[in-house]
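Just so it is clear, A, B and C label the chains in written order, and each chain counts residues from 1 on its own.
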Amino acid sequence: MEETFMEKSFVCGTWQQKRSFSPAVITEGNQTIVWVAGHTGATADDGRSLAGNFDAQFHQVFSNIGKTLAEVGCKLADIVSMTVFLIDARYTTRMTELRGGLFGDNFPASAAITVSGFATPEIMVEVQCVAVRA
Amino acid sequence: MEETFMEKSFVCGTWQQKRSFSPAVITEGNQTIVWVAGHTGATADDGRSLAGNFDAQFHQVFSNIGKTLAEVGCKLADIVSMTVFLIDARYTTRMTELRGGLFGDNFPASAAITVSGFATPEIMVEVQCVAVRA
Amino acid sequence: MEETFMEKSFVCGTWQQKRSFSPAVITEGNQTIVWVAGHTGATADDGRSLAGNFDAQFHQVFSNIGKTLAEVGCKLADIVSMTVFLIDARYTTRMTELRGGLFGDNFPASAAITVSGFATPEIMVEVQCVAVRA
């Protein structure tokens, strides 16, 4: 018989839970790994610019990631690790608040890094991540 | 009988194809993962400085990555994910043009991030990546 | 009989060895992957601020990562890849010196990137990494 299990477990942390990330996520067994590109969200689905609107861009980023993941039968909850690149450090806490609404209690591992720029000047946040499914 | 297959598939995207990256790359089965360090290319093979020459540094970076991958029986086409760190956001589009020549139609997932600096002042681009082979 | 081996090997490089990283680390077989969040170390275990003290923050970062890894039966030597985000490029060489003391001769793959900021102004270094064990 084939061994087909995949198991995912979380190191849940203490204060990290309030910042909506896990110190570590562990995957084992027969893993399918989805290497997700950096996603941005400076433009709404209807073409409107979201320049200057951090909250809207953040939601758009994860809407866009969700669509990419859906193409391979995954959802946001399958994300195990992410790097959040921000245009201004003062968005860091707001980012953790918004992220809290996207996941249940099992958060991905994450780093939050402030950088100098992105592909276009409108972009305020870019997220690169990895998802794992059975 | 041993299960030894490894399968790689691509979410190909639309506009992303013109920027020479895939929204996601999926790897499954019996994967050998090559965790590649950040590679730079501020110095040519003959010792000349490539300071100030973005195109030359970009090609040198991937020449250097190619040599590292060759040591473990891999090639650039085995790269599934990369993060491109740039010293100036205005090199982003040029980077995607140069990258288009390195891969066929199956591009790695990628993020392009502009940062404040690297190990030495001459470095204009650093690429960290992951390759997967059977 | 189950196939349960996991094998890790290193591309050791030449000058990279003196900067305490490997050009690439290869993992194959039945891998358990630990996706580790970005860890910082601006506060000592006893609550003292380590603001302004790069060496102390660096050691604290890896002390914190070590604790996270210990929760899942791993140690620093299981790290295969890391990204070191620094607040000032001039800490890069010092970082490689300090890192030399943390690992044996088998270093993780690594990128060292200077960025604009972190979650709080005291943070001078953040490390995101991946560990693999059997």
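Here is the rule we go by: a contact is a pair of C-beta atoms (placed from the backbone, for glycine too) under 8 Å apart; a residue touches a chain by one contact, two chains touch by 3 or more.
Only a predicted model underlies this, so the values are computations on that prediction, with no experimental measurement involved.
Q: Find out how few touching-chain steps suffice to connect chain B with chain C.
A: Graph distance in the chain contact network comes out at 1.
Q: Are the two sides of the chain A and chain C contact the same residues or different ones, given that same means over half of the numbers occur on both copies?
A: different
Q: Report the inter-chain centroid distance for chain A and chain C in whole angstrom, where each centroid is the mean of the CA atoms.
A: The computed centroid separation for chain A versus chain C comes out at 21 Å.
Q: On chain C, where are the residues touching two or more other chains?
A: 31, 83, 115-116, 130
Q: What part of chain A is in contact with chain B in the complex they form?
A: 2, 30-39, 68-69, 71-72, 83, 85, 115-119, 121, 126, 128, 130
Q: Residue numbers of chain A touching chain C in their complex, please.
A: 3, 9, 11, 16, 21-28, 31, 80-81, 83, 88-89, 92-93, 108-116, 130, 132
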